[in-house]
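One structure is given here, and the rest of the page talks about it.
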Amino acid sequence: SSSSDKTANGDTKAASSGKGPAIFVVGGKADDPFWSRVKRGADDAAKVVKSGGGSVTWLAPKNYDNLGPDAAKLIQTAMSQGADGVVGPDWVPEAEDAAFKQVVSGKKPLVIYNAGGIDAANSLGALNYFGSDEATAGKAGGEFFGKDGEKNVLCVNTLPGAANTEARCKGIADGIGENGGKSSQLPLPSSKFGDPTAVAQAIKAALLKDSSIDGVVTIGTGDANAAASAIEQGGLADKVKLGTFDLDDTQLGRIQSGKQLFAIDQQPYMQGYLAVSALYAYIQWGIELPQKPILTGPAIISKDNVETAVAGSKAGVR
Amino acid sequence: MTVQATQQAVSKGGGRSRRTDAPATLSNLIRRPESGSLIATIAIFIFFAIFGGAKFTAQSGTATWLNPAAELGIIAIPVGLLMIAGELDLSVGSVLAASSMTLAIVSGHWGQPIIVGIVVALGLGLVTGFLNGLIVTRTQVPSFVVTLATNFGLAGLALGLTRAITGSTSVALTSESWAKHLFGSYVSGKFEVAIFWWIGVIVVVGWILHVSKYGNWIFAVGGDLVSARATGIPTDRVKIALFMGTAFGASLVGVIQTILYNSAQVANGQAFIFNSIIAVVIGGVLLTGGYGSVFGVIFGTLTFAIVGQGIYYTGWNPDWASLFLGVLLLLAVLMNNTFRRMALSYGPRKKKD
Amino acid sequence: MTQNSTQPLLKLTNVCKTFGTTDVLTDINLEVNPGEVLCLLGDNGAGKSTLIKILSGFHEPTSGVMEIDGTPVNFKSPRDASEHGIATVHQFGGTFPLMTIGRSFFVGAEPTRGWGPFKRLDNRFAGEVAVREMQSLGITRVTEGSRLVGGLSGGERQALAIGRAVYFGANVLILDEPTAALGVKEAAHVLRIVMQARQKGVAVILVTHNVTHAMTVGDHFAVLIHGALAADFRKGERTREEITDLMAGGEAMAELEAELEAYQAAHHGHVPDPVELERLAQSKSND
Amino acid sequence: MTVQATQQAVSKGGGRSRRTDAPATLSNLIRRPESGSLIATIAIFIFFAIFGGAKFTAQSGTATWLNPAAELGIIAIPVGLLMIAGELDLSVGSVLAASSMTLAIVSGHWGQPIIVGIVVALGLGLVTGFLNGLIVTRTQVPSFVVTLATNFGLAGLALGLTRAITGSTSVALTSESWAKHLFGSYVSGKFEVAIFWWIGVIVVVGWILHVSKYGNWIFAVGGDLVSARATGIPTDRVKIALFMGTAFGASLVGVIQTILYNSAQVANGQAFIFNSIIAVVIGGVLLTGGYGSVFGVIFGTLTFAIVGQGIYYTGWNPDWASLFLGVLLLLAVLMNNTFRRMALSYGPRKKKD
Amino acid sequence: MTQNSTQPLLKLTNVCKTFGTTDVLTDINLEVNPGEVLCLLGDNGAGKSTLIKILSGFHEPTSGVMEIDGTPVNFKSPRDASEHGIATVHQFGGTFPLMTIGRSFFVGAEPTRGWGPFKRLDNRFAGEVAVREMQSLGITRVTEGSRLVGGLSGGERQALAIGRAVYFGANVLILDEPTAALGVKEAAHVLRIVMQARQKGVAVILVTHNVTHAMTVGDHFAVLIHGALAADFRKGERTREEITDLMAGGEAMAELEAELEAYQAAHHGHVPDPVELERLAQSKSND
């Protein structure tokens, strides 16, 4: 966003000097479709901030290879630029918490969003938590599979070892476990990341190897496209149901045409929008919400509610 | 200084040493250094045929490694050519993503005919390759750095423009059916048409490298750039052409993937940077240039694809997939090197006579 | 062969070459006539190779004019030079270790077979020609054009480079220390080939440190000392001793040679006594 | 064949050419090829000082690029040393992750004293480096492939073992306070202690490369391996030691990050592979070996870190960060190359005399 | 200097070397005595460099025994050889283009200053010694030890390598075509240094294609033909013509030399007529 004009860069308390606050948002990689919707929400909220003379600056790591330390550094970057408030995801608490505590100890309000949950927000002394919970989202997906009658679900993880993707797969396993099924993880090595054909063929191989698998869930939309292709090539369209975390047009199209069971939407637009507006309202006018945490998801998009989701997607917010 | 003239002069008087080449033709087959990569490929295949079972050797099992091999191969073959000429291209990842995105924006988002999108996407690749080549030859900055910078730059450009234009980072595309057939369909429901594109690239590049005179230029440029320049080879133009080749290959794969998966993602493709270099090096091309063959690269690509996909047929814990990939990679290259050394040290038995 | 009446094939006027701040060549004026052998002589580091690199389009001169057949030329690359019929064997390199002998021989001027876009490299022909040309230089141990250049001995490689230049040379053949790595027989073959080329009207420029070789084939001698043209004379105008001294960078060689002979005469067959050793060591460090 | 003896002999008789070196010492300062990288660093800094404003040049702004530079630098300096010797190490990413995880498992999960965890983690690095070196020197497979294989293998091993042992992929660690102070604390609340470790590495490696005789061995090994072997340098041992150095650097950063952030993640560290090579190449080390300096690598690391972090101070749309990084990278290397060429072509004015 | 009574410093018995299936050296038996110059002669590709690489620990022999002072040795690496006091100048290489002259000179045997772990490389000393040693070989244009080797001329580089070997040589000094790239003055200096080394009791092995150089300094001659020891004789036992023929791989050189002289006499100053050209071309292709 080009919203951080230099006008807001006063070192002293921006609010008291009559100008709006400088809000810094730490977010995910900019080319990640999911984060582009969070950012869209933040950008929309920024319009309000700007109208009050403030600014919203978006900070994102260039890649996820060193996520925790990188995020911690971004938080420090925000503070060193005189942030009046920080919005950040607590992806790797052990790595980031020290930096978040610097924010709080510097008497600047902090909002945790997207990852970490309310526990993290409370222990850090943050205002609130906005977002969904990976485990809850996974569990919702697992339950959906279970109710649909699937017994053995494969969770494809193209970023094995990352805390959030691991939590998603674990949630799926928990959710389906409570409904009489089971789930295993398929971790794919980094040499396949971003190559849909290699991902698709690996999924196909796993499906062919274990014919008891009747559900596949992926951690992101790109992988879902690959998984759809794998199911098709394996000739398993009747037998294997597909679900995914996150949402985009292609998923909506497949859900509409019945080739995909569901997508788990954490409604990222709201995370960015709510987190920024709530922080702004607090800094400006001391408004605090009583409800903690504010969960933005999960919302399961299936053929029952796909049409409304399509409309939101056309607007670039879903 | 035409060759024709001297060629005549020779055919007049030079029958004496004809025998020197005739027996070599047969023995050449055995001493071909590619035999190393071929044997590595076969060994790896047998390994998985044993541990992967019938599913692996069945048609759809074959498609599992042949499809990724084809896409990788379309990039790896020109990358191999470039490596023989002594240069690296680390920009193929972003070129793939940018071309893919270009096609999706032009024909998906803006709704132009798909042929326009394809031409613009491939054109983008050629322009990037040309710039890479131009910068490398003009500035003498190592290609590793130049193409790395291009990779970053183009990734940033693609991301920024895509978001500015579409507001998203993933753009959908519905292809006309001729394009779907030509680039993104499955033959007998399993094999990507990319395989035929790969074969096409193999034939064209194989001809250039091993049959036409330009192949000799490429080997010479990679073998000793200074001497190659001294013999009058337009070394700069050769390199620029080869950079355009790698970028074109990456664009082509971008087009294929976009049409195949009906969407483009800005983050795709980076895996091809390393994977193509790995395939080429397993295929016996010298990382320092001057030596290699198209056949080697083909087998290197197949080996890499089989190793990368085979483990999912074995039923072993996929947590160990990376470990496995590392160990097999090393073994394949070792096998290959051993055979190549054996092949090169072979010569007709000579006594002191 | 006093062909001063005919136009020089190659003419340099006030050619200078500077690397960074080092003047390597200063105001070189030189004429090369067809059918003549010009011996370019000079001490190590005199600038011979640099001059030759300018003639072959490898370097551009810092200043000065180069003319071919009276027309000024400006070589941007070795390709330009070879299009003007100049073939060069550089002092080092010129062969490709990982290529076959045949391919290496024809790099940049590949023989092709077939028609139009289906022209293909004629590897067998290339191998045959390369082996034949090497054998005609006396290299008999190499019989297969498909061997890799990297496995050749130093002299074998040099013969390959010379064979190539002779084969392709049209108007001007430039040889930078061609016989340096060659055996006596091969060197004699090279000299014979130089003379054959001269007979055909080719202009030959030969760099050598071997006085005998120079005097055997040279028609015209140019001596570089510290980058400047110190002498330019024709066959018979100087004695062997004068030429030797010029080649040594203008230093009198007689003394050094006498010293060598004295050593030989004095010490042959005797183990030197310690006092003498001391004297020898001193004469070395005072040099 | 001791040097001492001959040295005496010279100091007796050799005063004549003493003058040759004395004036060069001053001019050396200007002609040092590192001046290129230094100027690039300064130019980039000034650029961001202008566009990033006072925040960028303030203490905490400095920490923003100095902290990542320190961690990168601890790896880049030994990687630079290895590159001067003609080899690459692509395994630093997994070595970092595996060492980090080893420390967290040994001292966090199993509750051993932290010193045990640190020793085991660093030991793991040294062993990996030793294996890399051993395989490269014994098999003559290019280090690019060997270390790439090690990187895959070790990543797989770390993932598999961690999940097998802890059932998770992220392990927490609470450090004893001496360890926290030594490895993972902030000086004046902003600067990581890693900066001091970096300085330590600079001093040690700078000494080795530029002052001790081993530096000469390293340059020789990278300049011409065959000739270096012929002069009696134990080339294999030199290379193995250098591989151990890069792996040790990566382990050290792993330990620092684990203690600093109180946890280890299996997926960490892969970004260091390329970043370290980029920093080293920007620093003017030849990718083909034989040439480079520790000062150059320091400036290369700083340039890379400033470019990578500076954009966040400019307030420009970070979508374009990659584009920016690419363009600045290219400019930095170009500037560097131009200066190096100027420095190298400089020589005392010589006339024909 | 008939020191056959003393024990040979270096002794080879039935040494063979095979590359792949090619026999490059067969059953070499050779003795090298201290204070003697052994000239190793032979045609291009005869195997001289290979033999020298075995002596310097670069290659291991395929079979055969090598003894030093009567004890069998087995060199695993060049380091082993140099620890036995063998210093070698190989035919190519031995210098490092991107290093300074001083550093390049001392590679592997760096002069250090200071104490214990704080020993530091003495760059100034290295530069001084390197420049001095090169100047004592007649290379006067090089005055700064801090210049890069890559900017030196061919002969300057070779002088650097020779200077190095002479400086460090202890018992055995091996020179593989040391004078190939050198000018007349520098070559004479090298010969002088060879003789000085001999005076000090060093055993010198010299490979050369220059008959004059060989006859000037050699005490003992070994001729390789196609990898086998064809002749092994002492100074004065053969005539110059015999030695020349042996160096040419056993082929009679008189004919070739006569041919050369005939050319010179016949064609000097005349442009040949076409018939003669034809004859010349044929004599070439029938060679």
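Letters A, B, C, D and E mark the chains as written, and numbering starts fresh at 1 in each.
Assume contacts are C-beta pairs under 8 Å (C-beta built on N, C-alpha and C of every residue); 3 or more make two chains touch, one makes a residue touch a chain.
Quantities reported herein were computed from a predicted structural model and do not represent experimental measurements.
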item	value
Shared interface partners, meaning chains that touch chain A and chain D	B
Per Cα centroids, the chain farthest from chain B	E
Pair of chains whose C-beta contact count is the highest in the structure	C-E
Furthest chain, CA centroid comparison against chain C	A
Separation of chain C from chain D, taking each centre as the mean of its C-alpha atoms, in whole Å	46
Euclidean distance of C-alpha centroids - chain B vs chain C, Å	42
Gap in Å, rounded to a whole number, between the CA centres of chain B and chain A	36
Separation of mean Cα positions, chain E and chain A [Å, integer]	72
Residues of chain A touching at least two other chains	30, 160, 187, 189-191
Sequence positions of chain C contacting 2 or more other chains	19, 135, 151, 226, 285
Sequence positions of chain B contacting 2 or more other chains	14, 155, 159, 163, 274, 319, 321-322, 325, 344, 347-348
Residues of chain B touching chain C in the complex	1, 3, 6-7, 10, 14, 16-18, 20-21, 24, 28, 211-213, 215-217, 219-220, 223-224, 226-234, 286, 290-291, 344, 347-348
Partner chain A, residues of chain B touching it in the complex	55-56, 60-61, 63-65, 67-68, 71, 93, 155, 159, 163, 167-170, 172, 186, 189-190, 192, 194, 257, 260-263, 265-272, 274-275, 308-309, 312-315, 318-319, 321-322, 325
Complex contact set, residues of chain A against chain D	1-2, 4-6, 9, 30, 57-60, 62-69, 72-74, 76-77, 79-82, 92-98, 102, 159-163, 166, 187, 189-191
In the complex, chain E residues that touch chain D	56, 58, 77-79, 81-83, 85, 87-88, 90, 93-99, 103-104, 106-112, 119-125, 127-129, 131-132, 135, 143-148, 151, 167-168, 170
Partner chain D, residues of chain B touching it in the complex	135, 139-142, 144-146, 148-157, 159-160, 163-164, 274, 277-278, 281-282, 287-288, 317, 319-327, 329-330, 333-334, 337
